[in-house]
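Letters A, B and C mark the chains as written, and numbering starts fresh at 1 in each.
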Amino acid sequence: MRAPSAELPIEFDGVTVAAGSVTILDNISLALLPGAPTVLIGPNGSGKSTLLRVAMGLLAPTRGRITWGGLEHVPPLKRAIVFQRPAMLRRSAAANIRFALRAAGIPRAEHARRVYELLELVGLAHLADRAARRLSGGEQQRLALARALARDPAVLFLDEPTASLDPVATKAVEDIIRTVSERNIKVVMATHDLGEARRLAGDVVMLHRGRIVEAADAASFFDRPQTAEAKTFLAGELLV
Amino acid sequence: MNMLTRRLVIAAAALVFAGHASAQEKSIVVASTTSTQDSGLFGHLLPMFKAKTGIDVKVVAQGTGQALDTARRGDADVVFVHAKPAEEKFLSEGFGVKRYPVMYNDFVLIGPKSDPAGVKGSKDIVAALGAIKEKGSDFISRGDKSGTHQAELNLWKVAGIDIAKEKGPWYKEIGQGMGAALNTASASNAYVLADRGTWLSFKNRGDLVISVEGDKRLFNQYGVMLVNPEKHPSVKKDIGQQFIDWLVSAEGQKAIADYKINGEQLFYPNASDSGA
Amino acid sequence: MSHDATALQLVLSGDPALFSIVRLSLYVSLSAVVLAALIGIPLGAWIALTKFPGRQGVIVMLNALMGLPPVVVGLAVYLSLSRSGPLGAFGLLFTPGAMIIAQTVLVAPIIAALTRQTIEDLWIEYRDELTAMNLGPVGRVTALIWDARFSLVTALLAGFGRAAAEVGAIIIVGGNIEGFTRTMTTAIALETSKGDLPLAVGLGLVLIAIVVAVNALAWTARRAGERLAG
């Protein structure tokens, strides 16, 4: 269990991200608060990934500001992100985690213990010495999670973690996410799977064409959507 | 630079300079001609000298022109070549201390058994060269400012031929050493001027034989000089002089005379001939 | 080296002169590869990861330098190391050290250019992850170099092949001195010019056998490594 940290709240203040003439995020104002997972949903291309990158600190806003715990320019020491198709280093699974521990500055003496704990957490202890590139899609996703958790983050960003996984693997990943959240780590996750959103969300933020169309707690969003876009999306229709 | 970089630089320097350590032992660099190497003379002489004095003689075999240039640059301690005019010029420029005659051998005109120019068996090199030019028979020239090349050019001059102007496609300048010239002559059935020593130890003769020999103008004198330490302080003058002294000593001269291939003597010692 | 023996007889009889020539060839070429790697790998990685003005021009130059003519390098190094040249005080001309320097100059661009290509490709794959892990430039470079190690070994082998095969540079700066700076390639050149072609051919086959052996060794090491790490 961890105490609430100075990373949060993460506040977007009029954040716009543009690349040339294309606007990817348009005037986003949002606060990510400690507590249950925040799920970003919306059609493909709505800006979910970009929003996660900005929140992680990988991408600077073209306009507006973003602050972590009230401060701008906080280095991502206590934040971690898992990409949709995570890159596996050409080493064993355990070595991948060791690499993340080293990168996070965890003292060498603790590596063995932490590697074991993390592999256990994600259910990969029996594959510790397998080449990471030879793991299945679901196993790689879980390893990426373990890598992200190696730095003991206060906030964990996940970009469509189960998009390419079968139901068994999806369940495994979702279970880990729940466990992580119970340890007081703030999870901010993008998904286009409504069922997954229902299963995991504490809050929902819906994006469409780079804008927030609706943001509410899960119960309110799913049972009483306010906007036309939200209603269309929840009804399973194409939102153009 | 940080600690790792410093260690790497030291290791790199160690690699590069490792072969250098042996240079601190007694050794000299002798710039010489390809004929003394290719004939095997040095292979015969140097072990004797080393056994007697413990001095390692490192021979860099280049053509005479290049050997003298190497000495001018201070990259050799002793120079041992066979082109008296060029050696005297070297001395007059102040790069050498003193010239000692050491030995002589002779040049021979090598040519194909079929003898297209009709010169085989002649004792007149000048007439032979004239015939080769008349008939346009293929001729290989060293073309590399070596002692042999300079001797060849001189013979054309004596024959009254301005070879630079009068050469044709039959005259092929290859710019390489004696062995390469003989290889080329063998491959293209051409005439070539060679020193007897290299010819005797040359294995790839093909259809080549000696066409002309015995002309006094084919005489080939070798001289040795210490590079002037006043021009290049790095010259190892004491052990360099030791080598020269040994070459002209009775022992060295006898060693030269004793060198034979198939019973035939290659070089004739003449250090005592002060006019040589 | 006895000139009446064929190369095979020399090998079988363990002729010391032949073995010292082989040892010198390996010493010079392997040393050159090591030094070239120490220069080329960090340089290639740095160019791969850094944006600077004129970067494309530098990459083109680096690729072009892979084709540096050995004789030209030999001449340049010769003039530099000559007693009359800028580095003459070191007395390196006509020593194995000079040969190592010349071959390092030849091989370093090959290793740098191939490293740059490999690291740049890998960076595209790893960029997000390594940036998200908040790695500094040194951390990124070491991570990429380690992960690219198999491709880099191939680059080293390419460099070794170039070094072991060339004769133009080392014959100029080494002087082909018997027992001191005579390597396999310069010995082959010499025996050819002396007309002893069977011996030259034999030496050539020995040289090829050695180069093949080095490559086979590296290949085996690579396979074993790949099995461990994928």
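Basically, a residue touches a chain if its C-beta (ideal position, glycine included) is under 8 Å from a C-beta of that chain, and two chains touch if they have at least 3 such contacts.
What you are looking at is a predicted structure, and each value in this text was computed from that prediction instead of being measured.
Chemist: Quick check on the contact graph: shortest path length from subunit A to subunit B, in steps?
Modeler: 2
Chemist: Chain with the smallest distance from its CA centroid to the overall CA centroid?
Modeler: Most central by this criterion: C.
Chemist: Would you identify the chain whose Cα-based centre sits farthest away from the centre of subunit A?
Modeler: The chain farthest from subunit A, judged by C-alpha centres, is B.
Chemist: Centroid from C-alpha atoms only, then distance subunit A to subunit B, rounded to Å. What do you get?
Modeler: Centre-to-centre distance between subunit A and subunit B: 79 Å.
Chemist: Just curious, how far off is subunit C from subunit B if you go by their C-alpha centres, in Å?
Modeler: Here subunit B and subunit C have centroids separated by 33 Å.
Chemist: Which whole number of Å gives the spacing of the CA centres of subunit A and subunit C?
Modeler: 47
Chemist: Along subunit C, where are the residues that touch subunit B in the complex?
Modeler: 3, 31, 34-35, 38, 82-85, 88, 90-97, 100-101, 175-178, 180-181, 190, 192-197
Chemist: Using the touch definition up top, name the residues of subunit A that touch subunit C in the complex.
Modeler: 56, 58, 75-77, 80-81, 83, 86-87, 89-92, 95, 99-100, 103-104, 130-134, 151
Chemist: Would you mind writing out the residues of subunit C in touch with subunit A in their complex?
Modeler: 125-126, 128-129, 131-135, 139, 143, 147, 149-150, 228-230
Chemist: Which residues of subunit B touch subunit C in their complex?
Modeler: Against subunit C, subunit B makes touches at 8, 12, 15-20, 22-23, 29, 34, 38, 42-43, 56, 58-61, 72-75, 176-180, 182-183, 186, 201-205, 232, 234.
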